[in-house]
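Each of the two complexes below includes chain A, the first together with chain B, the second together with chain C.
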Partner chain A sequence: MTTEKKQAELIREISGVEPLKCMKCGKCSATCPAYNEMDIKPHQFVSYVANENIEALVNSKSLWKCLSCFACIERCPRNVQPGKLIDAARQIVLRQKGGDYLKDEEIPELLDEELPQQLLVSAYRRYKR
Partner chain B sequence: MQRIGVFVCHCGSNIAATVDVKKVVEVIRSEPGVVHAEDYQYMCSEAGQERIAIAVKEHKLTGIVVCSCSPRMHETTFRKAAERAGLNPYMVEIANIREHCSWIHKDINEGTEKAVILARAAVAKVNLNTPLYPGESRVTKRALVIGGGIAGIQTALDIADAGYEVDIVEKTPSIGGIMSQLDKTFPTLDCSACILTPKMVDAAAHEKIKLYTYSEVEKVSGFVGDFTVDIRKKARYVDADKCTGCGLCQEKCPSKKTPSEFNRGLGNRSAIYTPFAQAIPNVPVIDTDACIKFKTGKCGLCQKVCAAGAIDYTQKDEIVTEKYGAIVVATGFDTIKLDNYDEYAYNQSKDVITSLELERVMNAAGPTHGHLERLSDGKAPKEIVFIQCVGSRCSDDRGKPYCSKICCMYTAKHAMLIRDKYPDVNVTVFYIDVRTPGKNFDEFYRRAVEQYGVNYVKGQVGKVIPQPNGKLLVQGSDLLDNKQILKEADMVVLATAIEPNKDVRKIATMLTASIDTNNFLTEAHAKLRPVESPTAGIFLSGVCQGPKDIPETVSQAGAAAIKVVGLLAKDKLMTNPCTAHADELLCNGCSTCANVCPYGAISYEDKQVNDHGIRETRRIAVVNNALCQGCGACTVACPSGAMDLQGFSNRQILAEVDAICR
Partner chain C sequence: MKYSYYPGCTLKNKAKDLDVYARRSAKALGFELEEIENWQCCGGVYPLGSDEIATKLSSVRALNDAKEKGQALVTLCSACHHVIKRVNDDMKNCDDVRERANNYLKLDAPYKGETEVLHFLEVLRDKIGFDELKKRVVNPLTGKKIGAYYGCLLLRPSGVMAFDNAENPSIIEDFIRAIGATPVIYPYRNECCGGYISLKEKDMAKSMCEKICESASGFGAQMLITACPLCMYNLNKSTDNNLPVYYFTELLAEALGVKEESEA
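Coming up: the complex of A and B.
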């Protein structure tokens, strides 16, 4: 298996998103407040993962421009949740790099049942910049 | 002992490729009762059926097993063949070695083994079969149509033209349905009223058609050919025989603030009203929730001004009981509620409207007298945005998973009509796909783009934000140019998903007709019996069965009518002899069976029984053979094992199971 294929599977697994549910309507991109900052647009997150085009996705500007605002997740008529894909891509990068502002050891202390995992990941990078 | 013949079909290579048919023939010969076995390429062909006839004579067969496709396919074919050869048709059993065997196996050894087992089970059953004889039931030569939209009207006209009596029950004060609310119709752009009104008049004038408007079906009992229906005629408080339809009461009524259903709430109506000028019948009804006389006891103006003396505040609902041979459901549809779609600001802005509301706005008899204007301030719009698929094709829990089918075409219609009448108005359509399969449909859509300059953008709208200056900021995506669009619009029109009329669940329950997860009525067969419900005697017409435009609705309405006529033309109906009956000595009258029977076929009687010399009166289940559909639910529910199904008796089924397990 190529690395990109493996990574695509990993993204699917982490995010729980099935890219094939997408009907390519573009409502996610229509809704995204960070759209203009992005080089790869929210509806393309889905097609990039479907086509196993992961190198480009993890090296995109969008990776760090998505606000994790959940608007695309809320509005998608097919329940695809594109925001979770870019989030999973971020997790992959962070796992690889290891060097995060937020240290792994600090997490258990911060953990709260109600806290979405996505928020933690956002915290990793937001503290970093 | 039976003398059984087994006929194994190749079905070309459908069966023969994965089942060794010769081997099946060879093995089955040694089964008890089997005196003849053969295989043939196509048993259902004329030559195949002839082989059955010859074998019946030659081998003096008393029972037949055909190893072939599903009984749904050809059971009737082979039963008729057996009957022609002088056998009782119920002495035939089908072993399904195609759908249940060859089509699902890849390995020929496995396929053959299973085919033998299925054949053996069928042989075991035939050994216990007895001849069965269908009964007869009568046919009331009158049909009921529920719903008076274009579907119901057309079905009724076609049935009536064939010479049969037909009643239409319509719950609103007038027939006409959604089509009466439309302005112009695709793909020819003729005015909806101009083509609908004559049909409404024809229906009202037809000597074979009776209209029950402002009425609802309250209760249905009986079965195919012999339904009894209670119809509630709601009190109109206006005597239809006296009313001349002059309209003076509506003009003088001081209570004029009720949102008009006909104008989709965009205008008001009086408390005494006819929904629209061409309403049929042209007899008003009083809405007691709005009427001052009903609320306070004062007023009574309409009665004073009515020269015909037609107003009668003491009228009561009336229940009419009628008999029918067939019932057609034509309850149509409505647009979905948009409460879950806040992003489009439908509830925030008067200038965000549904397409059906736009039909009223564009209509000369509508709230703006046909002027295209913003409903907030009456100003002429310069920029209009249409959004397609609002609530359609949504697999989230906000909308409907299906394509509503008509909105691509009516949006092109709206866009074109606006560009034609107001060339200075810019029209943008956001679409996911443009779906135009239909005669002259794609040409119609292309005309909107190429001739009328409608701007089609591939992409969806994410949100509509009302601005302080009264405009609507539309944020959408353009997927082809890969950019996000921000556009200030004066009006936004939502091509809103359609759904079956809310009442349909109630109606379906009364009729024991099935509906799907989207509340559309289910057909008996999606391809081959599209206008019949699986429940005998119930037929489907129009959008209640699935999204349709007018031409499709009218065609389906005609198809439903011919099915009804085919039924009413019969003097007697053959009833299915495979019905349940209770063993009087075993039944203890516990009511379990009646509770599970989906057709209401079981009742209880006090009967004299002689149980091993003890005479006593017992409460015993009695099955109405005309109502029983032979589903078998009661036989498995009965705790005493008293219920048995003819043709599928407990003994027969156990024999099959034994044969399989051997």
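Coming up: the complex of A and C.
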């Protein structure tokens, strides 16, 4: 089994998503508030996993642009949940050694007086293991 | 009526107002918020991976604590509410999560999602009733035009959150009417503020919040109210004095005449 095939299976397993349910309506991309910032768009996540094109997906900057706002998950007429796929791809990266998107050393200069604790814990959970 | 209360990390620090005004208002309305002892941080975001367990345990501990006291669990922060409500749904409906979490925690009795999770706004709507709240208001905020900012976490995914209609919610508008003010409905009220993106990509969050604030101002709002400290922080980076952002509990305490009370 190729690495990409294994990773595609892992993404399906972690996310619990069946990409073949997608009917390509594009509603997820239409509703995504981070669409303009993404190189691979929400409706494409599904094809990347179905086609086992995982290398490109895990290197995509979209992983770090998704806001977990659940708009795509709420509005998908087929309950495919593209947001869960992108999170699983993120997990593949984060669960590898050195895969963190946020380093502790970066934190001090990102802080300001008003910054709520909630922001730090949320970012730690989405960007780090 | 006594509820278990889960304040969460931010309400003990940067969002003290959200907490203090809620406690004063609860007292004025005749219900008690009993803080869960030794609660642990919810993690801020719900872990989406179906194999995640450790990241859900702090929520399960809080939920089980409430269950053992026979109380419903009340939250205030949108993020805590989102995480705890979704973990509770997993414990109720997902065999794998329930079995593994219980194997790990070894509680006196297994936790199976028995606790009712209520956001403070749901207590006002479903337990007190907005009509009753209206009767208790001594200082109505007459003439104030207020935009409700819902954001994402209270509403979506609606199947689990079951908070309100996710596309056309009304609970905060009904709250605004109950305290005597006028709600302003604007299209961006359930759009994302950027959430945690504002840590590393401040410009992205700022442009998202500018759209929200412009939309609200354009429809005539004089202020916004929210239940989420992170929404508040992000919105405050984009708004100016023409559209201040408040926690809904601050306006509630003001309307109930308990805002200036010396002790919480």
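Simple rule for what comes next: the second predicted complex is superposed on the first by the 97 of 129 C-alpha atoms of A that agree within 3 Å, B and C clash if a C-alpha of one lies under 4 Å from a C-alpha of the other, contacts with A are read in each partner's own complex, and residues count from 1 in each chain.
Going forward, contacts are C-beta pairs under 8 Å (C-beta built on N, C-alpha and C of every residue); 3 or more make two chains touch, one makes a residue touch a chain.
Not measured: the values here are computed from a predicted model.
In the superposition on chain A, A:15 makes contact with chain C only, while chain B stays out of contact range.
Legend: residue contacts after superposition of the two complexes on their common chain; A:91 is shown touching chain C, with no touch to chain B. When the two complexes are overlaid on their common chain A, residue A:70 makes contact with chain C while staying clear of chain B.
Greater residue coverage of chain A by touch, when chain B is weighed against chain C, goes to C. Of the two partner chains placed around the shared chain by superposition, chain C is the only one that A:118 touches, whereas chain B remains out of contact.
Counting contacts by the rule stated earlier, residues 71 of chain A appear in both its interface with chain B and its interface with chain C. On chain C, the positions that touch chain A within their shared complex are 8-10, 13-15, 41, 43-51, 55, 77, 79, 152, 155-158, 166, 191-192, 194-200, 204, 208, 228-230, 232-233, 236.
Those residues of chain B lying in contact with chain A across their complex are 343, 389, 393-396, 398-399, 432, 458-463, 475-479, 482, 484. Residues 21, 23-32, 35-36, 41, 43, 71, 75-79 of chain A are the ones touching chain B in the complex. Contact residues of chain A toward chain C in the complex are 13-16, 33-34, 37, 64-65, 67-71, 73-74, 83-84, 87-88, 91, 102, 106, 110, 114-127.
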